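First up is the structure itself, then whatever we jot down about it.
To keep things simple, chains are lettered A, B, C and D as they appear, and every chain counts its residues starting from 1.
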Amino acid sequence: MAYSHTIKKLIEFSETDMAGIVHFSNFFRYMEMAEHSFLRSLGLSVHYNEAGQCNGWARVHAECDYWSPLHFEEEVEIQLFVREIRHKTINYFYVFQKLDTEGATIVATGTIIAVSVVINRQDNSIRGQEVPTNFKDVINICPSEYYQKYLKKR
Amino acid sequence: MAYSHTIKKLIEFSETDMAGIVHFSNFFRYMEMAEHSFLRSLGLSVHYNEAGQCNGWARVHAECDYWSPLHFEEEVEIQLFVREIRHKTINYFYVFQKLDTEGATIVATGTIIAVSVVINRQDNSIRGQEVPTNFKDVINICPSEYYQKYLKKR
Amino acid sequence: MAYSHTIKKLIEFSETDMAGIVHFSNFFRYMEMAEHSFLRSLGLSVHYNEAGQCNGWARVHAECDYWSPLHFEEEVEIQLFVREIRHKTINYFYVFQKLDTEGATIVATGTIIAVSVVINRQDNSIRGQEVPTNFKDVINICPSEYYQKYLKKR
Amino acid sequence: MAYSHTIKKLIEFSETDMAGIVHFSNFFRYMEMAEHSFLRSLGLSVHYNEAGQCNGWARVHAECDYWSPLHFEEEVEIQLFVREIRHKTINYFYVFQKLDTEGATIVATGTIIAVSVVINRQDNSIRGQEVPTNFKDVINICPSEYYQKYLKKR
């Protein structure tokens, strides 16, 4: 059973904008990278064929708070915590930190709520379904003491 | 004085993902497109040189709720409403709708909180500053009755 | 019968990079936008279901020469010319120009060779097929005198 | 002195499109990732302040030939070879290969010609300059026998 996961990401030039920092929309791609890496570490995937149908995880909510800018060639550590599992959804909380010789700087914190879905390949419509058993069997809820210190508010 | 703005956007192929729908991170780029179009309509820009320094609007918070998927070659209407203006920040609320012969479908709703900043071009660090006068002179707060019907919650 | 097409594109903030100009990879997305707009203008799409299968146009070659940088909030005109139609492929030539009060500046020129394909939805493998009749019926080869002045070389 | 470099890249979900494969424009971002990783391995960067000015490497030409599609969660190896060094430019040749138990599959081959530039931070204009000495001191031209087998043509 797993409830947290960490990846590292080096910032690429194409991810910066003319303000000289990472474009804010990329943080959502990074959160998703951590989620997919988490699933892979459990032998699962965010997109899979099973029982003759195409299944995936759509997003019902995403948010991010930005605390400090990220720059080209900086390395960021992204931690994922499973905050909640409901009938059809999983709620992931994320912490972005820059690690350097002076310690850790919190760059951003975020949330993604993913819903288990069946994808109709004819018209690309989607409908929600219960979190599959093979996901529930290996994903657990993270004790809140592991991430509550990062829940700072403006 | 302006407090709302509307743009239309046709979904491009490169904005879809293998699930056959628009990748969720693109909604944040679309919200930003509406914000920049709003500023341009007022003779302003999100990025400008003034008083010998480089100024912009960084993001401190961004969020999106997804209600219905968007597909390739669909057209979406994005409405922006100015929800709040504080000392250094502007809070924008967004509504995405698909318009077709059967009426309007709400696709997504979202929020971006932008902070007025000075960008240091030597090290690309940023620091907050008061909302400049020329922005405050033309941007107003939107009466909530114009958008509160879209504030639905899961 | 059509053999050329023109679109306009306003440069978005998220398309710039820390050098302050449009990231070079975006020119390929812009070329594709012009191609898809061309097909739509003919009642066609780059991605369609027909005869019980999923069909599309994959890329076998893409290239771009960059002559002058593009900046945020500049508008670029993109012209598409059909240079060649073969058994399975269409070769498109593109010209990017900035239009302002001083005249036109060539920003970039490029090529995409697209191949007609059938997509296997089980494993997302693709295989080439003959250019479909409904495409051949409405797409023609452009006389070279319309674009040869843009074929400058370094 | 170095003239070649190799990186590995895992394909992310956000890099796929509705055809179920990596969007072709991403190959240009991957080539650039390999170039920047090459420069970093030599203690250099694609974007640097020196002698009181902002310097970088713009692109004058980019091209890619696509031989086989890439899919989500596949790993690709990207090799860079320095094909030519001129007064102001470096010509890089790239080979993308999928490595699996059955051997290597060539996915794509490509070229980027990068020009050494000075960036004017006032108006984001750029002008070419000679390849700086500290780049010429450590980058060499790759013997063609190392990459000529990959120069297949359609």
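In this section, contacts are C-beta pairs under 8 Å (C-beta built on N, C-alpha and C of every residue); 3 or more make two chains touch, one makes a residue touch a chain.
Keep in mind it's a predicted model, so treat the numbers as computed, not measured.
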item	value
Intersection of contact partners for chain C and chain D	A, B
For chain A placed onto chain B, the superposition rotation in degrees, Cα atoms, nearest 5	180
Centroid spacing, where centroids are CA-atom means, of chain A and chain B in whole angstrom	23
Mean-CA-position distance for chain D and chain A (Å)	29
Chain B and chain D: spacing of chain centres that average the CA atoms, whole Å	34
Residue numbers of chain D (touch at least two other chains)	13-14, 18-21, 25, 29, 32, 47, 72, 121, 124
Complex contact set, residues of chain C against chain A	13-14, 16-21, 23, 25, 49, 54, 72, 121-122
Residues of chain A touching chain D in the complex	12-14, 18, 29, 32-33, 36, 40, 45-47, 72-73, 124
Chain D residues touching chain C - in the complex, by the definition given at the top	18-21, 24-26, 28-29, 32, 47, 56, 58-66, 69, 71, 119, 121, 124-126, 154
